[in-house]
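The two complexes that follow have chain A in common; it is paired with chain B in the first and with chain C in the second.
Let's turn to the complex of A and B:
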């Protein structure tokens, strides 16, 4: 504020207090109010962006699984189609299209400035029509009905089917029309078919998988003996004999299991259901090939909720189907969780130890500040660079050496010599360790000097002081650093694409075979799943709901992991509250 | 050169009467064999390569694992150019590629192993040029495509096509600039399109390079004045394919299975899977069965499911014979 202004106003009204005489605009600036508004506005804008984004994702993700009605649309050319109305838009009709129309609809469109509406229907039946979605302009439509018998059928293959059920064949009985079955009988038959399918899967994956695992172990033992002692050596021959003996044993149970699976499969093939789609074609498929079916227009709210819940359950607890566009994401949830956990296990001790040394033991000089600057700069390196480093150093150099020393019998198939869970976690640990170091250093610096001196004066050694006085009080700050590192690590995808995340991982990194935790396996990740379904799937329109649902899930998973860390931190804080002055 | 080869091979197949089916129902060659699982197949397989083939490989893997629950297949798809190094390093058993290997890549492979990699022609793809569903454009020659996408115009086009008016559209389209969508350079689709549609010229700098085939289609779907190229399998209701002519003035053909088989559609190509098979040894059972599965009725049904066109039994037999599997 210019000095002259004060002198002038005070001269005019000398009796008033200096504050009151200032003109309104200057006092605003002087108090910094525009800046308060600016900062507040920026904060509000940021919060609004985040809330808006979260609402968009939540709304699309939460609504995605709710069953929609099925429309039966009769077109002006006499044909019919059936499907879920997905979205609507308005568009300018081309002169060519207008030329083909009758005069009445043409006049109506011209009256509306040549604009007409159109609806995108999810017609399903990809195996029959070679398309999943179709646009229908309003002027093409004669009638739209919502018949009660139309069903939405989710199949294991070929995506959804839209049509009505006409007949069912159970076992050796003759095929009977659908009217002959009560709703309860259909549900029971379907449930039984699904249970049979689960049993087949359990037999083939679980039981026969176990046998094959042991067979493979036997083969590897022979190979190891051959590599170590030579092909013709006595050791190799003993190993071969043992493996053959074991194989004979296993073959017996293999025959039993595969026989049961074969019988079940044969039985399964006799339980059939036939649907008629709107164009008049029929489609017969095994009852167990139907994941879920419901008459979309004939559902009460409770039925709809049941479909909704069962879809969520499938999504959370099942494996993906049809190149990841359908089914569940259990392997991806598991992979994300395991990777993040492993990341924390690596990054926490490493970061804390580094920070302790830098802050408590190292002599503060030029070298330490160079180290500190380097650590801070590490946080600014693009994450893909870490990915390249991880692939080159961890997977190829470290992993390749491990393979040659410990897993030579499996070569040329790489064990650790390719991307995997361990290498991914280590790469992300490198990426996030600066966050932990910086946060820990700050937390250590914030512990009052008087407390350390008090401890030292009582005769405690330096390590005892750190262990009993400094570290416990710095713990909440350290936890903050770990939370930040975890949040960053769980959301990072780019480096993982190089060091172990795959589109389809056949096995979870944890299973029932020794050593139970398989750190060398590649894994699926929710972030990569979003990228894959959103940008790589054949039908991007059908993949959209999956993208939103998976995003909701990833956000929820990160929030849950952060929340648990925050709860631990607040417990720690409470513990030391009483001991502060 | 490649295109003529393709056209010749595909036209020859048509002459043998193995494929002539309508578009909406590109169906299987009935001569393809049913897949019969054998016993004793287990192990791990890893595939690294094309993203165009990513879904198809996954579908094949799912089908194969249904027959052999104990085979584990991992699939990574970051682009065709990642396949040869992975095969050479032994990091992958299969290298799916949406273009044939370059001679330099084959040389590198041969230097390491002493024999050439073998190719499996797993499916036929018609590389489609997509426009927004409301775009009225009727037909484009490859020369037009070249003037749209290329800055060097090696196809002989005189004038650069910058707006839709340059391609003969009128009305609101006349002054609107063409918005270009394409693939990133690691992709085989990028390389194939450059070689055939751009006559080995260079892309314009304004092409928006996308990380996936589906992203190109999504870009075109959301941008009314866009054009892009991608495998025909990625078509959605929001875009349409433009019929193409090999030369200006020729008849235009849409990206249908008929036109692809007959060799009329100028951007038809095979999708390959490369494998490291020593010609003097038998293929190990896991990989051998996978190859057999790809060429079976079930395997080619997965091709249909993914929106591509199946190969005929003749191709299947040729390739199987070349690997001494028949």
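Let's turn to the complex of A and C:
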């Protein structure tokens, strides 16, 4: 405000402000503008960090499966290597390295403050080189080329192979050089080999696995009869006879299946392909041992996309191999999803009922206040503590008792007496139930009293009022609590490592055998998968892309589950929006 | 409207508050008898020694300045005040001779007999139809035809049928404020209660809807007993048979509406009616 205005004011009212001239303009501090800027800036910073992190993960995850070119590098010492350039960095060159260099490159490095660039190549061929990755400093390189015949071969064992295909042998034919086969013939042979391999796996894992399952069931029936009636009892005798009869039956089909599998394996062993790595060493492997092969420098965009899509498909629909650093994560997706679903099924009714009692029925006194404060504080207990509790109480005490009562014939191997899907869900339910209770209590408290009174005045009982008016009206708030609980539960890993998550779970918790849903089984989890692949595997560099892809997947899974819950909630909310002002 | 029986002088209140007016008697006697009723919100007393007998089949108006305890008295009659923490009561309220504050009294059955319309409309977050038939639903009535019939009758009575008949399935929260209030009136009458408690039912309504509600009250009187709180003197004079004037938690005067409005015996009643305060 201009000075004249102030002086005019004071001149008009000299009696009110005799000595000090009061400023009538609002100071910046009074208006609080700097604080608003500060807070806004902090918000922007926070949001930027989160968005930046998500973008980083997303970009790395999306790019991970895109086929990279293969470089052939000739080094100053005359040797050659071939591999995917993975990343570059600058590093200080050690004095010994400098000492061995010729004068020209040494001068160049010294001019650059002793720092040189280097590239990490994924050279593959772990079985030949004993390493998967190799750093190559810039001053070691003479030439870099991208020859068209270099192939990137993903194998079932030993990780990728980099080299060129030299020969192939199909069945009883003699081995012929690669040039004798058309590209279509190679693809067809490969496809046939993969189909054969699938069939073998189906026979050995599926059919023979089923026979083993029935045999085990028979054995358990005998054991149960023995435990219940004594070893020499008539019941045990008949059970034994029945089991033997069944075993004879099963043996017949077992012979058939294993015979077919043996034949297929023999056939498979005659379909071979030979590769030569860059140094000239050759490696022969069965054609079915090749998951995917492509000439990386000879791909058109469509071919690259095909490789990309097929890798994603494998990732989403297959089991892991090579200590989880390759293959897919289907069991982990399934495990995460099943565990979260089970968690919600447990936590929602339990939390809502607890909150209903606390808010609507319990007499609001000191005891209820203490309970409420305790519940709120439970949310702050470190999650690993819940893991320890879950293992001790659920798995050992509860599960151990269940085993003794219902599954005594399987002892000493535990059924429920060890970590599993059910105990994991219950542990996480315990961990997240405070969130649901607090949110539900708040939602219940926010239901206007006039609505309850309206219902009661109509002659509804307290329960009818809660059922018909209070709960529907509080539903969006309750959903918020469930969403928060779900998000927290789906991302929690630490307690799960104690109560049921494993590195590799061969059996899904759902299969074709009664009772179809096996809640006692241990399972895989995307969060643990990230930890395991990234930090626990032999080859953390190879697992890096998997870490990003799995993170993207986990974030996407949690986001998808949250989004569906949020959609349900907004549907509910719309129902309660009035147009009255 | 029932004609006044032989004028009878009846001291209604104790504690120095006496009425000289005559209560218009219904054909069936009193349905509600309130005797020496006190009510405390925590430490502060809101009702003092209220004594009155509400005649069956008549319309009784409760008037008085804001904050004098009209709503409190009304809510005491269907024990709505039970829901408020720290409320204590003393004295008698008898419905057809039975003490409603007795420890064995069935509150739910009581409320089914007492329909209530609140000062502010409070529709439920459901469809219009479900709102109206809610009292029947809680009684376990699920027959579609019965519900539809009850819904139409109640909505017609509340002068809402024409506006709502094509949108019965829509959310009641989409109605205007006045429509919502009429919906609440329909809801209160749908359960066919014996006594209808109305707390300023017309404060959000336009003159036409108000006239319709008054018409409804006129129709209802005879079969129902209506107790209505109102700030509108003309309305009280138009619709009610008896009028009770309350002031600072006390019942000052209670009697035949005509007499209260023409020859009030208490100077405060006189002042209030003529608009000198309140």
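Structure notes:
In this text, the second predicted complex is superposed on the first by the 551 of 581 C-alpha atoms of A that agree within 3 Å, B and C clash if a C-alpha of one lies under 4 Å from a C-alpha of the other, contacts with A are read in each partner's own complex, and residues count from 1 in each chain.
Just so it is clear, a residue touches a chain if its C-beta (ideal position, glycine included) is under 8 Å from a C-beta of that chain, and two chains touch if they have at least 3 such contacts.
Keep in mind it's a predicted model, so treat the numbers as computed, not measured.
In the superposed pair of complexes, A:507 makes contact with chain B only, with no contact to chain C. Looking at the shared chain after the overlay, A:172 reaches neither chain B nor chain C. By the touch criterion defined above, A:266 reaches neither chain B nor chain C.
In the superposition on chain A, contact is made by A:461 with chain C only, not with chain B. More chain A residues lie in contact with B than with the other chain of the pair chain B and chain C.
In the superposition on chain A, contact is made by A:135 with chain B only, not with chain C. On chain A, the patch touched by chain B and the patch touched by chain C do not overlap at any residue. Residues 364, 448-461, 464, 468-469, 472-473, 575-580 of chain A are the ones touching chain C in the complex. Against chain A, in their complex, chain B makes its touches with residues 23-26, 42-44, 46, 51, 54-56, 58-59, 61-62, 65, 69-78, 90-91, 133-134, 136, 172, 210-215, 217-218, 221, 233-238, 304-307.
Those residues of chain A whose C-beta lies close enough to touch chain B in the complex are 91-92, 94, 96, 120, 126-127, 129-135, 157-158, 201, 204-205, 208-209, 212-213, 215-216, 321-324, 412-414, 417-418, 497, 502-507, 522, 532, 534-541, 543. Residue ranges on chain C touching chain A, taken from their complex, read 78, 80, 83, 85, 108-109, 111-112, 114-116, 118, 120, 122-126, 134-135, 137-139, 171, 173-177, 180, 184, 187-188, 191.
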